[in-house]
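Both complexes below contain chain A, partnered by chain B and then by chain C.
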Partner chain A sequence: MVVQIWSALQAVLNGLLTGALYAIVGMGMALIFGVMRIVNFAHGAFMMLGMYATYVLFEKLHVNPYFGFLAAAAILFVLGYATYEGLLRRIADRSDFMQILLTLGISLIITDGVQLIFGADYHQISIPLLDINVKLGPHISLNAPWLLSFAITVVLATGMFLFVMKSRLGRALRAIAQNRYAASLMGIDVMRVQALSFGLGLAAVGAAGGLLLPVFYLYPTAGDQFTLKAFVIVVLGGMGSVGGAAIAGLVLGVIENLTSLYWGNEWALVVDFIVFLLVLSLRPSGLFGSQRV
Partner chain B sequence: MTRQRTLIAVAAFALCMLVPLFVHQDYQLNVLFRLFLFAALSLAWNLVGGYAGQLSLGQAAFFGCGAYGLVLFNEKLGVPIPIAFALGVVIAVGAAFLIGRVAFRLRGPYFALSTIAFAEVLRISAKNLTSITGGDVGVQAPALFGSDPSRWFYWSAVLLTAAAFAITVWIARSRFGYWLQAIREDEDTALACGIDAAGTKLRALMISAALSAIGGGLYASLFYFIVPDQVLGLDISNQIAIAGMLGGAGTLTGPIVGAVLLESANELFKNLFHEAHLLIYGVLIVLVVLFLPEGIVGTLGRLWRRRTQRA
Partner chain C sequence: MIRPSWLSRTLLLALVVGAACKGGDEGKPAASNTFRIGVVTSLTGSQAAFGQAHKNGYSVALAEINAKGGVHGKQIELVYYDDQSKPDQAVQGVAKLVDQDHVPLILGGFSSENTRAMIPAVTAKKVPLIMPTATADNVMETGSTWVYRICGGSSSYAGATVGFLKETGAKTIAIVYENTNFGQANAKAMKELAAGAGMSVIDEEAYQANSPDYKALLQRVKSNNPDVVYFASYLIDATTLMRQSAQVGLNPKYVTSAGTGFAAPEFPTEKQAGKYAEYTYSVSQWMATSKYPGSKEFDAAFTKLSGAHPAYHGMEAYATLVVAADAINRAKTEDSAAISEAIRATKLTTPFGPIEFDAKGQNPHQILITQVQGGQYKVVWPGDQAEAKPVPTPAWDDRH
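And now, the complex of A and B:
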């Protein structure tokens, strides 16, 4: 009995560590959805690009992934800005049907493009940190890279939340999320702010990809499941709420780890989607209210 | 559709039925089977995605229900093949009812997301329940046709496409079809006119699911062996939706044109580029969304109308 409690506690703690990364992925998606009303089907593909960017930096230039993720975020920011200016901007007024299809197309191009360049092989990097486990008492131990990424993620998430809530640009973001037309009347350059927020959303997911690299296998479709998870997180947190997405990410991480513990890892994604369908049917405004961005 | 056009459509399908007189190779007939199968699946998608304007990205769920329904009822429970086939279709319609009840109360992107989530739940469950479905190892499908199966599969696919086309024609001209289009154009106005939006969309999805499930049963039997990633995967859903969009969502012939183009391209590129076919899909989608939002048939139709009006 006691052992079971310890293993459940271990699963919850692991869930929080995973969930912090989910939170960043979800916050990026929520930012994009809140400001642009675009459901970014390429979210996971961009995350995978962040992983590959960090990987290439590590293999070619020996940059530690815990610094490399910053470069990945910067690259993804530029890429996001360019994607918005080049593609998304042109369909800003179209139905969400078209926007979903466009981002789906972008996702296929990125994934297959990476596969053509790097091949479909699995990669994994090895750094000394991976072998270190931090013991908390006799029953609980936490893997060091997860702890480190958790610490970094908390800083990033807090920074992102404060940026959205306190900064001038953040206020413009929230104004657009509330009413795009009124925001433009108040002198906000809607197109530019949307481009910046798409860049920021992708920077978040790029950073998450970089932080995930040491503890995850790398392959061209590695990001696909995160697109779906990001939807779940955004719906769980209340569509477009950045703060809600952060909490929802943690919740999802814990749910997944508990599922893995009791039913096996292969059911984790099924439980994710069932949670998603339940939230949509029972409480479509999300678990944490309806406040946007 | 005028009497003249009806005659053209009937003649076209009759001609397609004659193809096996000239094409004898199994491989070629199977390629043509796929072509018609995807035309039928895209027509089915079009009822929801085109006429009702609800982007379904989880058609594989219904396709897979048809495939696994036939296989599991027949192989595991010993139900005779025709009944097992029908049960697969019934299960797909039931699945459509379930997903529609949840998703159609919500608007915008929620529907697309729910269809994906639902199809993925089915796919992963089928992978995990190895004692029932055989998991990734797969399960053997019963043979629907005894002798000369390639021909019979081809004929069934043509018939399915013809049926899906006839249903589309009927819906496009019926009150039900006008309701669907009214919902697509403006759901609030449709509601204000007394249209039961959720119920109408739900019926369209169930018809779509039934047609897709028949396709799934045929596909499973032709391939002898099915695995979850093959019949329930996101790839199938995407391919169906892309074919519909490429040809023209909400047009009668668009899905057929789109499916024929996409499948032929697939067949050609398979030998030319091997791994790049998803890249080509992606580029196609981006081009269609940016430059041909009404699809090939939709755009040609608009140009044609403009020309005739001017003249």
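And now, the complex of A and C:
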């Protein structure tokens, strides 16, 4: 019995470590959805780009991935800004369906482009940190790279939350989320702020990709499963709420790990989507109410 | 009505003419100065490491056979189709190789999942398929008379592992397998044979091979405290499973496996599992130290070509092409049915071992058990072929 409690606790802790990465992926998606009402089907593809950026920096220039992820975030910010200015802006006033098709198209182009350049092979990096396990008592052990990425994500997520809640630009973001016409009448440059928030959303997912690289493997469709997870997180956190998405990411990580522990690994994804459907049908405003951004 | 401009009309004309020319080329049979054999394997994608091993193995055999004059006095030309590690692409490969390249027989694919998918296609097209590496037993259970397999299957893997474990006194076993044809077939075979040998299967865990996180799964296995874990995994998942086994402190007495990822030459290197591979057991179809003549020469030629020693996947590809060339020469024709009958009558001794096919098309092949010791695969079972003594897997905390 005691052993069982320890193993449940271990699973919850591992779930929080994984969940922190989900959280930041989901926060990026929530920010984009909240400010632009765009469902970004290319979210996972952009994450994969962040992974490749970090990978190339590591392999070619020997940049440690725990610094490289910052470069990945910066690259994706620029890419996000450019994507908005070049593509999304043109259809900002058109139907949601067009935006879905556009982001889906972007996703295919990125994935196949990466496959053309890097091939479909799997890559994995090996860093000494992977060999370190931090023991908390006789029953609990946590892998150092996951702990480090958790710490970094907490800083990033808090920073992002404070930015949205406290900064002037953050206030503009929330104003647009509430009513973009009223916001533009108040003198907010809606297009520019949207471009910035698309860049910021992608920077978040790019950083997550970089942080995931040491503990995952890399291939052109590596991001796809995270697009789906990001949908679940955004719905769970209350459509477009950045803070809600952070908590939803953690919750999802814990749910997955406990499902794996008690039911088996093959059920983890099934349970993800059962949660998704339940929240959509029973509590469409999300677990934490419906405030936007 | 808008009249098309001269530009669009010219473009249209160019397109039509272009398409017609392309169509004209496709119908032509291959140039007749070479003998073309089709190969489907996974040169890219999650199983690229194995597909490359295939390609190197085929290349060594190709150079050898062509140096001796090829088949029917012609040089052999291998026409590769890369299935990108995806089963639907493997099926498309069969259609492309048969309909466009007009090959009379096909070798491949790499994985059980992809190979199984190719069988209805080769059967419908009446083209023989020689399978080098698909271990799932169901590839031999389709009733197709066009398939031949040179490697041992999942029951022989489980049989050898159980035979080895019986000598160790292990009683309980947990099976952890990737959830496609390869993993499922090997789990099923182990479940049946372990029970028959008096061992109890106390845990079965299926997993999706692309997950970043197997820790909860491994914790489950740990809580059942089995004497033995039997993994059926490809390369990248094998590496992640072993790294994370250390993280959760999973310490069975014997970490055994259905080969593949656990038998890949990259597995015990720093690029993959490195020190986490130490002490793991694996089944093996062939080792460079094999008693069959030609093994050392193959090892040397393969190493020269690829820069690394071969695992059994490369040898299986080599032996497959040797069997194909031998059958084509005996068939004395390019007709698929005649070649298929010649394959069925094969009686060869290759470096891989003796090869002949039973009524179903299966070559009975002996399976070895290896253990990673000092970063090298060493044969530890059966006793008459052992190079080293098996060592029980020490607990992670006791290693340094």
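Following the convention adopted for this analysis, the second predicted complex is superposed on the first by the 293 of 293 C-alpha atoms of A that agree within 3 Å, B and C clash if a C-alpha of one lies under 4 Å from a C-alpha of the other, contacts with A are read in each partner's own complex, and residues count from 1 in each chain.
FYI, a residue touches a chain if its C-beta (ideal position, glycine included) is under 8 Å from a C-beta of that chain, and two chains touch if they have at least 3 such contacts.
What you see is a predicted model; the values in this text were computed from it and never measured.
Participant: Is A:T111 touching the first partner chain B, the second partner chain C, both, or neither of them?
Facilitator: It touches chain B, and chain C stays clear.
Participant: Would you check which partner chain A:Q124 touches, where first means chain B only, second means chain C only, and both and neither mean what they say?
Facilitator: After superposition on chain A, A:Q124 lies in contact with chain C alone.
Participant: In the superposed arrangement, does A:F276 touch chain B (first), chain C (second), both or neither?
Facilitator: first
Participant: Have a look at where A:P284 lands relative to chain B and chain C in the superposition and call it first, second, both or neither.
Facilitator: After superposing on A, A:P284 lies in contact with chain B but is clear of chain C.
Participant: Using the touch definition from the top, say if A:F97 reaches chain B (first), chain C (second), both or neither.
Facilitator: So A:F97 only meets chain B here.
Participant: Report for A:E266: first if it touches chain B alone, second if chain C alone, otherwise both or neither.
Facilitator: both
Participant: Quick one: classify A:Q178 as touching chain B (first), chain C (second), both or neither.
Facilitator: It touches nothing on chain B or chain C.
Participant: After the superposition on A, what does A:T158 contact: first (chain B), second (chain C), both or neither?
Facilitator: neither
Participant: Output the chain A positions appearing in both contact lists, the one against chain B and the one against chain C.
Facilitator: In chain A, residues 120, 264, 266, 269 are touched by chain B and also by chain C.
Participant: Under the definition above, what is the set of chain B residues touching chain A in their complex?
Facilitator: These residues of chain B touch chain A: 53, 55, 57, 101-103, 105-106, 108-110, 112-114, 116-118, 120-121, 124-125, 127-128, 234, 238, 241, 245, 275-279, 281-286, 288-290, 293.
Participant: For the complex, give me every residue of chain C touching chain A.
Facilitator: That would be residues 44-46, 48, 84-85, 179, 205-208, 210-217, 219-220, 222-223, 236, 239-240, 243-244, 246-249, 270-272, 274 of chain C.
Participant: For chain A, which residues are in contact with chain B within the complex?
Facilitator: Its residues touching chain B are 39, 87, 90-91, 94-98, 100-102, 104-113, 115-116, 120, 224, 228, 231-232, 235, 264, 266-267, 269-270, 273-274, 276-277, 280-281, 284.
Participant: Mind listing the chain A positions that touch chain C in their complex?
Facilitator: 3-4, 7, 10-11, 14-15, 18, 119-122, 124, 126, 130, 133, 141-143, 212, 215-217, 219, 222, 225, 256-261, 264-266, 268-269
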